Structures are given as structure tokens and as C-alpha cells.
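Next come two complexes, and both contain subunit A; in the first it sits with subunit B, in the second with subunit C.
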Partner chain A sequence: MKKMKINGAFLNANRAWIFLIVVMIIGVFTPKFYTAYNIKAITGNNTLFIWLACGFTICMIAGNMDLTVQYCSTFAALICLGTHSRQKWPWLICILVAVLMGVIVGMINGLLVTKLKISAFIATLGMQFILRGLMYLYAPDEQSIGRDMAANEFLNDKLIKFLPFSAYFLICLIAVLIVWIFLRWTRTGRNVYMIGGNIETAWLAGVKSSRITILTFVISSVLCALGGALNGIFSGAANISMGEKGISPLMIGMTATIIGGTDTSGGSGSVLNTFITMIALAFLKGIFKKTEMQVLVISIIMILCIAYETIAAFRRSKILGIRPNLRNEYLREKGKA
Partner chain B sequence: MSDQNKTVLSPKTDTRKTEVNKGILLFNRMGIWVITIALLILGTIIAAANGGHFFDKSNIQSILEAVALYGMVAAGLFYVTYSGNWTDMSIPLTMAMAGMLTVQSINLGFPVALLIGIATGLAIGMINGFMIGHLRANPIIWSWGFNLLLSGIIRVGWGGKQLYADTVAKQTDFAQHSAQTFYSISRTYIGGIISLMAIVMLCMFVLSYIIHAKTSFGQKLKLVGSNYEAARFSGINCQKIVMMGYMISSTFAAVGGIFYTALRKTASYENGTGYDFTCLTCVLLGGTLLSGGKGSVLGTFGGVLAYGILNNILSWIGIGTYTKYAVQGMVFLLIVFINTYTERKLGRS
Partner chain C sequence: MKRRTTLVLTGVLAAALTVPALADNLEDSKAKFEEAVQSVMTTDNHLMMEEGITFDIPEAQGTAEELEELDDSNSAKWHYYEYIDWDESEDAEFPASPADGSIGKHVISIVHGAHAWTTCYMEAFEQACEAVGMTVDIYDPNWDQSVQDGYIDQAINEGPDAIAVIPLSADHARQQFKNITDAGIPAFCTNTTPAADAMNYILAYTGPNDWYQMRNLGAALGEKLGGKGGVAYITHNVGGSPYYARLYGPMTELADKYPDIKTLDIQSPGFEAAAVKQVVSDWITKFGDELNAIVLADDSDQAIGTAEAIEAAGRDDIIVVAAGISKQGAELIQAGKLYMASYQSCQADAGLCVRTIAQFFNGEEIPRVSYIKTDLINQENVESFLPCQW
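Moving on, here comes the complex of A and B:
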């Protein structure tokens, strides 16, 4: 086992947990915060963002950005509720149709990036516009589609009686754990990290980089589609601006990814850290009731994280190529070591 | 040639193609103007089919007006893309912030308020330029995060309210007059034909063209965009050059934001939503490479015009605002694909 040392690097690596602990300590001083009802409501309302953030994190670990996450989830919710209310299909088939849509979107994203060699940011940006247009074609009026009480109650109920979480949140938790295990313990999962670090080296080492890239996009889109469909059932309604309260869900997903410690150029990061950060952000939203303050506080934390990483990388790049023994000697002379 | 190869060389002949496809070369050279002319012809046909005239005075006027604000911002955004930093995601809030501060300081008189608005853009560009140019932050992540921060500052600072110039202005003749002047800048028609916004857009494109083509800054920027390390080793102060690119971009965005605020008559944090992506579309349509170092201001102007004409044609066909998104997305992907494809086929990327 590695020796634990509490220094800047250790704090930075575990900043998601520290963020969560700080927020929970602030929560003690907030009236009526630690009640079962409040925690259930907060976690339930923010579960959609957890799905999005996890999808975004996977793509970012592979070195790409997936901007379609938000519209993928909204479109999935519209399709799921729409097919249920229009075609009267059972829920499972509706959810499957929505997930299938996610697979198609992910495939298209991946093929655009790998085969047509369009950079991921631009490809998913274009897909975002196409999805938005299709959404309006599918549901032209901005009214919410579909209502069904039975499925809604199942997702809102507590699955495990002594835990203050809704079934929807627990399903999300299980999905996150599965993805975490996949990324951490399987060969394909490790390959995702490899192509994020350096795609050319990974290719030379025998990793099928195109296939893995497509896979990450598909996983991301499927997570978002599943989350969106379940969120539509959970909240009993779906409309075109689902989850948008002041900040766009895409932005929240990106914030959680970055605060969670995922490298912005790919190659390192963890879905679990993103999940922890997202919980902390959800609690933060519960503490600051006003949207304006939420936006400011979240953005300040995010900016600090980005600035810290930037400055650290800048310092590293300055000593790049200097011989370490000479550098140590120099530092010792200056009395800094 | 091929006969000789067969006889003289060993069985391993070089089968790589050396000649390039004429069509690819033409597209790579002409870029957007081919598309613009094609769109113009298409527009003429569609308009005639719908019983109208595409080259009507009012139609041209409406195209120019719709495109004016995008043009102002895209003329500046070109520098960020050209310097190899992809895009500036903080454009929406730069526009909103410039509009907010202009309206807030309208009591000092219109020219001073205008200057304060432009200075806001310059300051935001400086911060972005310092972080991205000097400290080499990830351009998209940083500018998007900064966008959110600015949004938070505006929302908390003004309490999420909207500002109106005539209510902010005091009840004196001077202040009210400057507020009215502020409103009128987006509604002035010079000679009753062409709007002031279109004129300003053209002036900004001319200015942008001069900076890009006639100054040493533009030449250095080309080198920085095409190969950062080579530029550094040839003695160019890359950090300063990238920073200046960001400052120009934000200043132009601020001018666009002021006109936008005057057009909407309200200043709020929502001003400028969607301008980042639309202007990036215009710049990329104009043949500027995302990786930097290739492109021209003239091409960007063509991209802006093509975007306006495309929107106009879609309105002629009778496609709704939201359905336009899908068409725009497809066109966007197609153009970017053709750009990257031709670059790759010519062996330049």
C-alpha cells in the first residue's frame, strides 16, 4: 500500500471528497437541511445531472467532449413519454426505444469523430443542433407530454426503506457503479484511459482506438438517454427545456466533471469522483436557494479548479527538460528545497 | 512514365498519387464563395418559384440586417480561431456585460457609455488572453467556465433584473437624450436604405482585414496558429500575440453586444445567447481551419453572408425557426467535413 502523505497533491487528488465534506459541514448550519424529506428531494431532483455528468466524464477521459448529452437526454424523455401516450406501448419498450435512440446518437457521434475526422467538439456541436431540430419536430408544442401515475410512484418510492433515497436515485447509483467498475477493472476500460492519454501511442500499442472512441460515445449517450427517459417518468412530464433552471444541464455536467478532477485533455479521472462532486453540488443547491447565488458559487469553485490546474501545468512545463539533479542543486542553493 | 517504372524499377513501385483532384483544389482555394454563389442561384430559383424576387431591395436589406450582429462578432472571433485556440465560448456574456455596463453608465453621456462598454470587452479579452495565451489554459474549458462566472456576477450584481436605458437615465434632458441616442443606433437608416448596423459591420470587416493582412501582428498570428512551437523558436512572443487576438475578439464582441442591447432595448444576462455557436459556424463556413493558421477575413465575411442567405432561403421555403436548427446543424457538419477532407487530401494537415 502506498504511503499516505497529506500535501497539496493529495488534497488535489481527493478534492471531490473534500468538496463534499465542506458542503456537508455548511449544511449543519442550515435549518431543516438534514431531514429525510429534504435529502430525498434534493437527490431526486438532481439525478438527471448525475447521468449527464457521468456521460460527459467518460468522453472526457477518452479526450473528447460530448456536447450532445443534454439534448440526448431531453429527446429520450420526449420519446419515452411520447411513445407511451401516443402509441400506448408498455414502459419497458418505451425506455428501450429511448435507449436505442441514444445508441444511434452515440454511434453517429463516434463515426463523425473517428471516420470523418471531425474534431469531437465540432461534431457533437453539429449533432446538438440536429437533435434540437428533431426535438421540435417530434414535439412541436412546448407542452409536456404524457402522464402516468403507476410508474411515477414506483420511481418516487423508497426502494430500501431505511435509506432516504428514491428508487430513481438508486438506479442511477447502480449504473454509476457499473460504469466505474467497467472503467477501472476491465481491459476495455483501461484502454479508454490509454487513448485519452495519447491516442497515437495507444494505437501503436495495439489498442483499436476508433472502436474504443465510438464505444465511449455510445456509453455516454446511452447513459444520458436512460437517465432522460427515467427522469421523464420520474417527474411525470417532459418538455423541451427539461432540467434547465438558470444553468443549462450540460454546463452542470461539465462543472461536475472538472471539479471532480478529470483531466481536461483526457487520460485521467474517475466517474466516482464526478458522482461525489455532483452530490456535493446538489447539496450546495439545497443550501443556496436563490438561483443567482447558486450560479455564482458553482462558477467560482469551477474557475478556481481550472485556474489551479492551469497554473500547475504551466509550472510543470517550465521545468520540462531540465535535468532533475541540476534543478535540485539549484533549489538547494536558493534554499527552497 | 508508367512504362518506364514497370521496366526499370523493382516490383515495389510507388503507387502513391501525386496529382491532386482539381475539384478539391478549387474548393480549397475558393472555399466559401463557391457555396455563396450556389446559394445565391438556389435562392433566386426558390424565390422565383414562390413568386418573389430574391434580389429585391427589401430582401437584401433584411439579409444584411439579420447578419449584421453576427458579422460584427465573427469578424473578431476569426482571430481566436485563426490563432489555433478553437473558439471563445465567453462571447455571449461578453456581449451581455458590455450591454449592461453601457446602459448602467448612460448618465455620463452616450459617447462615454459607449467607451465604457468597449473597454469592458477589452478587459474581458485581457483576462481570457492572459489565462489562455500566457498560462496556456484549455481554451474551451476556460472560456466556458469564465462565461459561467460572468453570468453569475451579472445575476448577483443586478439581482437577475433587466435594465432599461430610459429608466436608468436620470430625469434630466442630457441623460434622457443620451438614452434615446442609445436606442436609435440600431434603428438608423443611412439614406433610408442601408442600416447603420450593416455599415458598422462592413467597417469592422475592413478594419479586421487591415489588421490581418497589412500588419506584422497578422503575419505573426499566422505563424503562431500554424505551428506554435516553430513560432516560439523563431523569436515571436507567442503569449502576447495570442493575448492580442483575444483582446480583438472580445472588443468586437462588445461592440456587437452594445448594438444588440440597443436593438432589444433591454440589457440582461440572456443577451447574446447562441452567438458563440452561430459565429463559430460563420467563421468555419468561411474556410478557417479549427486547428488554426488557415483562413481569411474575406472568407469569414463570405461565411457570414452564406449563413444569412441560407437562413433567408429557409424562410422562403417556409421552414419554422426550430426546424432550421436541424438544417443548420447538417450544413455545419457537411461544411466542416468538406474543409477537413480537402485539407487532408491536399496533404496539408
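Moving on, here comes the complex of A and C:
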């Protein structure tokens, strides 16, 4: 049986779970924290962020950043509720139209990065502004759109009412598991890690890196679009300015990705860890009720994670070139192996 | 047998002690309430917790869909925006008043976001609550809809005696207040108007009658213009209730009373003085002498930007009116750069909400919709509204 050793590397590898456990322990000392209503409310209010965080994670594993996640989800919500209220289309068609928008956005992002060789940061930043402009064109005089309360009340009040979380959260959980299985157990999924780790090695191994990169952007945008559309339906309205004035959903997604252990330069990470971190962040927000405190605590945690990774990378770079057998012998002598 | 007798005796004793205590609390609360109404003042020396204004809603000239087809300058079009005209038969079952007095009650107030106005409102809310013996926690979602939704859930989980909300979005309000009322907590809406059907879940709405005050401002502007000229509008945040009230309130009033006054342009540059200055400078270049007046949705940064643009162009003939009133607005009125502003008391807004909540706890009948008093401020009467509240 393999001996488990609790050291810095172990703690770092499991930091998402440790973060969640610590937050849950703090929750014990928070009045009225572990109530069914609170858990349902906390998970429900943060589900959209989980979709965005998972989308962001996939791109980051592939070594890219997708800054369109927030606007893609908002635009999807507007399209979904807009087509339902204006064109009177059934919900399923509205969701599909929103998801199709996500596919197009992801394709464009991917093509800009792979074919035009534009940095993902710049390409998705530009796309973010385009989406923003399109949103204001789509809903020029409206702060919000939609308001189908019948669907909203059915989904929130009647569907799986016995569970301590909403149907929206359950759908999100299923989506996360599907993406996790795809990344971990399929060849294409493993190739995402390979191109993120070292794109040249991936190329030498015969991986079609452009195709995989485009695929990651499409998956990211589809997740965000689906999450945004469902969020609009479940909350009954879509707000054009969502996240523009408070804590940016993009920042929350990025934070969950980084704290969840995804390497900022790509090649490693897990949507499941991002999901766990996002739950921990949601609980943390429930504990620190004031927005100022939430921002402060989350930022400190993220900085600690980044600082650890930077130091670890520096230490790794110092031993590059050392023969592994000698290094292992040295570590055994020092009792660190 | 002996144990049961003991229990019954204990119960009777507890009831005997509690009932007079509750009655005392109610009497004390009523006395405290009367004292607060008479004594708590706004910083500009007006009563903070005055009785609100109520009126009967006029009948709409069609359904919401039919009215949407009308021209923007037709006041009938905006009926459902102007009045909270809801179907009372659809009202949810509201929690009954405990009628045991406001003293000792705990309220959670959820505002919309950080702003000088909000700070003033929060302080006034705390002051008014203290005056009637209530405690309050205030949450500020910093203009973020999802954060406000989260705060509402958090507030419900904490189980206060009442929750007061300034909804960020009229459309989201129904779901927010439904959650509160479904949880059996009295829900009060304040300041921004909710969508009409949200009233089915709101025990009482209190706030400014933005449409009424902006119509008055529009009428005063029309008179000053002598019934002719060109007017341009700088709006509030697009889509919110102040956007409609502060744009279409004066516009429809001018169209009704002074049909020769033209609308030149409508712009929404936000609340940055520099952005507003740019828009007004462009208007002066584009419209020249045709531009005779500007209506602003805000008398602070929007008014500063407008005054700077007018000064730079040397067009002091342009008449500027705004929704108010802030410190900057009052200074501009005194300097003659702002012709008139509406008086919308931030502290009375908070005071009226607290008044209504306290009346509910005191077992009194409360109006479902009531508005704070308003006025028009110009160079002649500005002194009586100083020092400004925010």
C-alpha cells in the first residue's frame, strides 16, 4: 500500500478539498449557516459562477485564457429570454439558440488564437467587447429582459423541491461531471492536457493542436452559454449589466480556477477541483456577508496560492538538469524522499 | 397529575406576565413612534418621518401591450411605468402584524449600491430605526443583481422581523419579494419602483413619486421657455424606473402643455461629468441656437458636466433643470447655472419606509403605496433646503 505523506506537495495537490473543509468548519461557528434554506440559496446563487469557472478552467488547462465567459453567459441569457418573450419560441429552442451563439463565439475565439496566432488574452478581450456591443444592440432600452414567471416558479418551487439544492445546480453538477470524464478518460481530453503542457511535444506526438484548442474554446463558450441561458430561466430575468458593477463573475471564475490548482501556464488542472473550490468560495461568501470582506478574503487566498506556485516553480527550475537518480539519492539522505 | 398541574400553572403564569409586557411594549412603541415623527429631522431641517402621500390610481387607457403602441410623447403610454397598478386579487398571503410594538424588532435593509445618496439613506434609516426602538442591519450589494439576490436569501435565512429592499431591477423584484413573503417575513419595497406584479408580494411600497416631481419640473421648464424651443435629455441608467420617470415624465408634460417645444435628442452617457460634458458640447455644436434647454436625470455630476460645457461654449442662455437635490446641485442653483431642481429627500425616503414598518409592528393599518413629499427648488427658495442631505 502506498504510504501517504502529508507535506507541502500533498497539501497543494489537494488544496481545493482542504479549502472546502476549512470553510465548512468555519461554517459550524457561523450562526444559521447549516440550514437547508441557506445551503440551497448559497449553491443556487453561485451556480452561474460554477459554469463560468469550469469553462475558464478548460481553456486554462489548454494553456489559454477565455475572457469572454461572463459576456457569453449574459448574452446567452438575453437571447434565451428574448427569443422566448419576443418570438414566443419554446424554451428548448431558445436554449438551443443561446447555445448556438456559444458555439459561434467559441469557434471565433479558437480561430483567432489558432489561425491568426493572436494571443488568447487579446483575442478574447476583443471578443468580450464585441459581445458587449451586441448585447446593447439586442436590448437597447432594457435593463433586463424576459420575466416568464410561470417557468420560473415551476422550476424553483415545484421541481425537485425535496433536495437541498435547486434543479439548476443539479444540471450544473451533471455538466461538470461530463466535462471531467471527458478530460480525464477520453483521448481528446488527455490531448487537452498535452497541448497545455507542451504544445511542441503534443505536435510531435501527432496531436492536432489547433483542433483541440478550438474545441476547448467551444466547450468553454457552450458551458457559459448554457449556464447563462438556464440562469435566465431560473431567475426569471436576464440583466444586461450582470457583473459589471459588483464582483465580476469572470474574476470569480478565474479565482476558482487558480485556487483549484489549474496551472496558469496550462497542462494541469481539473474541473472537479474548480467545482469544489467554487463551492468553497460560495460558502465563504455566505460566511463573510459583506461584499468588502468577501473580496478581501478571496483575494488573499488567491495571492497565497499564486505565491506558493511561484515559489514551487522557482525551486523546480533550480534543480532542472540535475540527474534524477542523484537527486533522489540526495532527497533520501535528507529524509525528504 | 401533579406534573401536569405544575405545567398548567407555569403556562398561566408565563401568559400572565407576557400579555401585560406585550401591551406595555405596544404602548411604549406607539409613544416612541409619535415622538419620533414629531422630532426626528432631516439635515435640511424637515421632518424625516412625515406621513406619505397616497392617491387613487387613474384608469389605464388600454392594456400594457396596447399602450406600448402609442407615441413616446403620449403620457398615456407610460401608465404602467408611472403607476404601480397591480391586481390586488392576486396578492399573496401576507404575514399578519404581530401588533406588539416596534420596540425590539430587528429589520434588515438591502440597498442598491455604493453612492453618496446611499450613504445618506443608510444613516437616515439607522437613525429612524433607533428613534422607534428597532435595530437594523444594512447590506450593500454594490449595484450587482446577483449579489443582491444573495443578500436577500441571506437575510431570509437570518430570520429578521422585516426586510426592506431597494430593488436593483424592477423585473427581478417579483422573485425577490416572493422569496421573502413565502418565508413568512414582512417585505417592504422602498425607493425604486418594482414591476407592478411584484406588489402581490410586497406588503408596502414607499418612495419618491419620480414621475410627479419630474412632470412638475417639466411644466416649470415649459413656462420658463415660453412654450417654445428645443430640449435635450440626459437620462438615468437605461431601463431602471428613474430612466423612464426622468425622461418621459418631463417630455410628456411638455408635449401635453407646450406642443411647440421640440425634443432634440436623448443621450445616456452615465454619471461621469466628463462624459456628460462631451455630449452637451456636441449638442451645442450640432443644434446651435435650436438648443434652448437641457433636462438632467441627476443634479450632481451630470449637472457639473453640463455647466462646464455651457460655460466653455459661452451659451448661458441654455436653461438646465435636473432631478435633485445634491450639494453640487444646490451650489449650481445658487450660482445660477442650474435653473431648477426637483426636491427628493433622501432622508425622508428612508424615514417613510421606517415609519411604515413601525406602523405595521404597532398593528396600524398601512397604505400599500405611499410617496414622500416633493417640491421644486430654484434660486429663490434654495436656502430653505440647505444644508443639503448628500
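In the analysis below, the second predicted complex is superposed on the first by the 306 of 337 C-alpha atoms of A that agree within 3 Å, B and C clash if a C-alpha of one lies under 4 Å from a C-alpha of the other, contacts with A are read in each partner's own complex, and residues count from 1 in each chain.
The rule is simple: a residue touches a chain if its C-beta (ideal position, glycine included) is under 8 Å from a C-beta of that chain, and two chains touch if they have at least 3 such contacts.
The shown structure was predicted, so the numbers you read here are calculated from the model rather than taken from an experiment.
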Is A:48 contacted by the first partner subunit B, the second partner subunit C, both or neither? second
Considering only the touch criterion stated at the top, classify A:236 as touching first (subunit B), second (subunit C), both, or neither. second
Please work out whether A:259 is in contact with subunit B alone, subunit C alone, both, or neither, and reply first, second, both or neither. neither
If you stack the two complexes on chain A, which partner ends up touching A:128: first (subunit B), second (subunit C), both, or neither? first
Which holds for A:302: it touches subunit B only (first), subunit C only (second), both, or neither? first
Could you look at A:291 and tell me whether it touches subunit B, subunit C, both or neither (first, second, both, neither)? both
Tell me the contact category for A:37 with respect to subunit B and subunit C: first, second, both or neither. second
So, does A:247 touch the first partner subunit B, the second partner subunit C, both, or neither? both
Do subunit B and subunit C touch any of the same residues on subunit A, and if so, which? 140, 246-247, 291
State the interface residues of subunit A toward subunit C in the complex, per the touch definition above. 31-32, 35, 37-38, 41-42, 44-46, 48, 140-147, 149, 152-153, 156, 235-237, 239-243, 245-247, 249, 285-286, 289-291
Under the touch definition given earlier, write down the residues of subunit A that touch subunit B in their complex. 65, 112, 116-119, 121-123, 125-134, 136-137, 140, 246-247, 251, 254-255, 258, 264-265, 291-293, 295-300, 302-303, 306-307, 310-311, 313-314, 317
Subunit B - residues contacting subunit A, complex: 86, 131, 135-138, 140-142, 144-146, 148-149, 151-153, 155-156, 159-160, 277, 280, 284, 290, 320, 322-330, 332-333, 336-337, 340-341, 344
Of all residues in subunit C, which touch subunit A in the complex? 113, 139-147, 149-151, 153-154, 156-159, 169-172, 174-175, 178, 183, 195, 197, 237-240, 243
